[in-house]
Amino acid sequence: MHQRKPVIGVMGGHKVTASVMDMAHELGGLIARRGWVLLCGGRDVGVMAASARGAKEAGGLVVGILPGKSTARASADLDVAIPTGLGDGRNLINVYASDVVIACPGALGTLSEVVFAIKHGKPVILLGLDAGSALDKYRRGGKIRNAHSPNDAVEQAAACL
Amino acid sequence: MHQRKPVIGVMGGHKVTASVMDMAHELGGLIARRGWVLLCGGRDVGVMAASARGAKEAGGLVVGILPGKSTARASADLDVAIPTGLGDGRNLINVYASDVVIACPGALGTLSEVVFAIKHGKPVILLGLDAGSALDKYRRGGKIRNAHSPNDAVEQAAACL
Amino acid sequence: MHQRKPVIGVMGGHKVTASVMDMAHELGGLIARRGWVLLCGGRDVGVMAASARGAKEAGGLVVGILPGKSTARASADLDVAIPTGLGDGRNLINVYASDVVIACPGALGTLSEVVFAIKHGKPVILLGLDAGSALDKYRRGGKIRNAHSPNDAVEQAAACL
Amino acid sequence: MHQRKPVIGVMGGHKVTASVMDMAHELGGLIARRGWVLLCGGRDVGVMAASARGAKEAGGLVVGILPGKSTARASADLDVAIPTGLGDGRNLINVYASDVVIACPGALGTLSEVVFAIKHGKPVILLGLDAGSALDKYRRGGKIRNAHSPNDAVEQAAACL
């Protein structure tokens, strides 16, 4: 029987430092080499773009869930671009569509995705994102874990599948 | 010219303590007495139900934005019940539709509303909700403030309008 | 016990003739005088604006479900303005939130609302809208009916409540 | 530069005759052999399932946009399953995400997709769906065209890309 590949959602900010971009790029490559689908927010900026690029260069399948109604501002590295017209409402779809969520540094949008991921029972791996004390109790319950490198994040994601 | 009344969004958990229920009830009444519209998540439980009840008893106009497709589980105190069929996606509508958001104790859903409210520039008043350290920088920027009582929350809301 | 008022959704185009505007205005007034809530798409144009105006002038409660993220282009006659950020996706909420749908002349958006209303079991009354032959079988099943005047539409709506 | 493959949205009912299932299966295969992505509603029934099966068997990439919050009832032939939690609201995403829409026989959901596709400027090809007289004017404007076979539909789709 045909079996869908695991989908790893990579979340993170649209304005991040060069070192976060490098990290997201490396993460995307590692996800692709595992044979997993990389899902991201799809825009041509920040963690979305860097992780998509990394996965694409490694021959992976890349899916972007876009906030707008068209693919106008999509990353060129997406294989599948899904415009939703939902604005930030697409953050919830990012979560529904991912088997595991890896959260890189970002701001409020990324935080909303972490919150929804916990709420909907998706394993969350924080890779450089400080999700703050409000989520500490979920960390203690094992719903959030911290990774210290892209490789560590991918190892932990594998353990969740 | 006809002028719409200010809309105050009251957010909070569906499972809260009796003292939080009392607080939400008092808050709803104060909002109604100001002549403002109370907007909440509309279900017949928790802070939604208590604040709706308080506002209704005080003669206010009460609007509920429901996660489901029907009014089946709506609070009986709503004047206007809007089923959205969006699940947690309706949290974003709660924010769009409010001029000020007052956040009572709650869990992940409430936290998502605080996050979206900051992101979309709506003043947020925390009334007993610990939003955690991740949002500290927004507190310093004046986008979140803390209230120590329902009356204080309503005074602060008035200053935002 | 508090009982919510029936909600009548008035649908129709944003670009319509003066006589359709007059009809929508009259319809809004009749809905308000029945003590029902008028719900519409909320924008300051077309059938939305005319029906809202008619209801407001008659002292009714008027709710608008807006496609955008803000109330920027809302009719001034709304009592409650709900920005959804969903674009045409809000058409489905118009249907969920209405007890009866009255469809005035309009184009594709209005047709989508008629289609969703039938699909979700809401009575549909066509007031000057030609919904086309594809929906004939639903007309035969009583799910759609035709009205020849605003007064007739409101009489038929009353029979559905 | 990396170039996304065209996305062909195949719409149609969840309850259809065996001959419609055969037609949708053939259509899916033809789409895949062109090197296009097949996008459908993703569920394990009707035109969605048959077209996905056909495309998968022909080695294509298959994307399903699901109405629910999980992949529980997804077709086993999807490569990418996107749960949206939007119910019929996902019909609009089907349209946004497609470069061309091919509409097989179906009921109200399919009709809503045809209506939204015209509204949002996506070419629509009717393959056995009677969209009714209300859409005649769009047919005259070239926004809707009729195909008499899966092969004809795919030829016409190619001309739209």
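A, B, C and D label the chains in the order they appear, each numbered from 1.
Keep this in mind: a contact is a pair of C-beta atoms (placed from the backbone, for glycine too) under 8 Å apart; a residue touches a chain by one contact, two chains touch by 3 or more.
All figures in this text were calculated on a predicted structure; none of them were measured in a lab.
Student: From the C-alpha centres, identify the chain that is farthest from chain D.
Tutor: Following the centroid criterion, the farthest chain would be B.
Student: Measure off the straight-line distance from the CA centroid of chain A to the CA centroid of chain C, and report it in whole Å.
Tutor: 41
Student: Could you state the distance in Å from the CA-based centre of chain C to that of chain D?
Tutor: Between these chains, centre-to-centre, one finds 30 Å.
Student: Averaging over Cα atoms per chain, report the distance between chain A and chain B in Å.
Tutor: A distance of 30 Å separates the two centres.
Student: List, in ascending order, every residue of chain A touching at least 2 other chains.
Tutor: Expected reply: 69, 85-89, 92, 120.
Student: With chains as vertices joined when they touch, what's the shape: line, ring, star, complete or other?
Tutor: Shape = complete; every chain linked to every other.
Student: Can you tell me which positions in chain D touch chain C when the two form their complex?
Tutor: Checking each residue of chain D against chain C gives 86-89, 92, 107-109, 111-112, 115-116, 118-120, 130-136.
Student: Which of the residues in chain C end up touching chain B in this complex?
Tutor: Spelled out, the residues of chain C in touch with chain B are 1-2, 4-5, 7, 37, 56, 61, 63, 65, 69-71, 74, 76-85, 92-93, 96-97, 120.
Student: Within the complex, which stretch of chain B touches chain D?
Tutor: 69, 85-89
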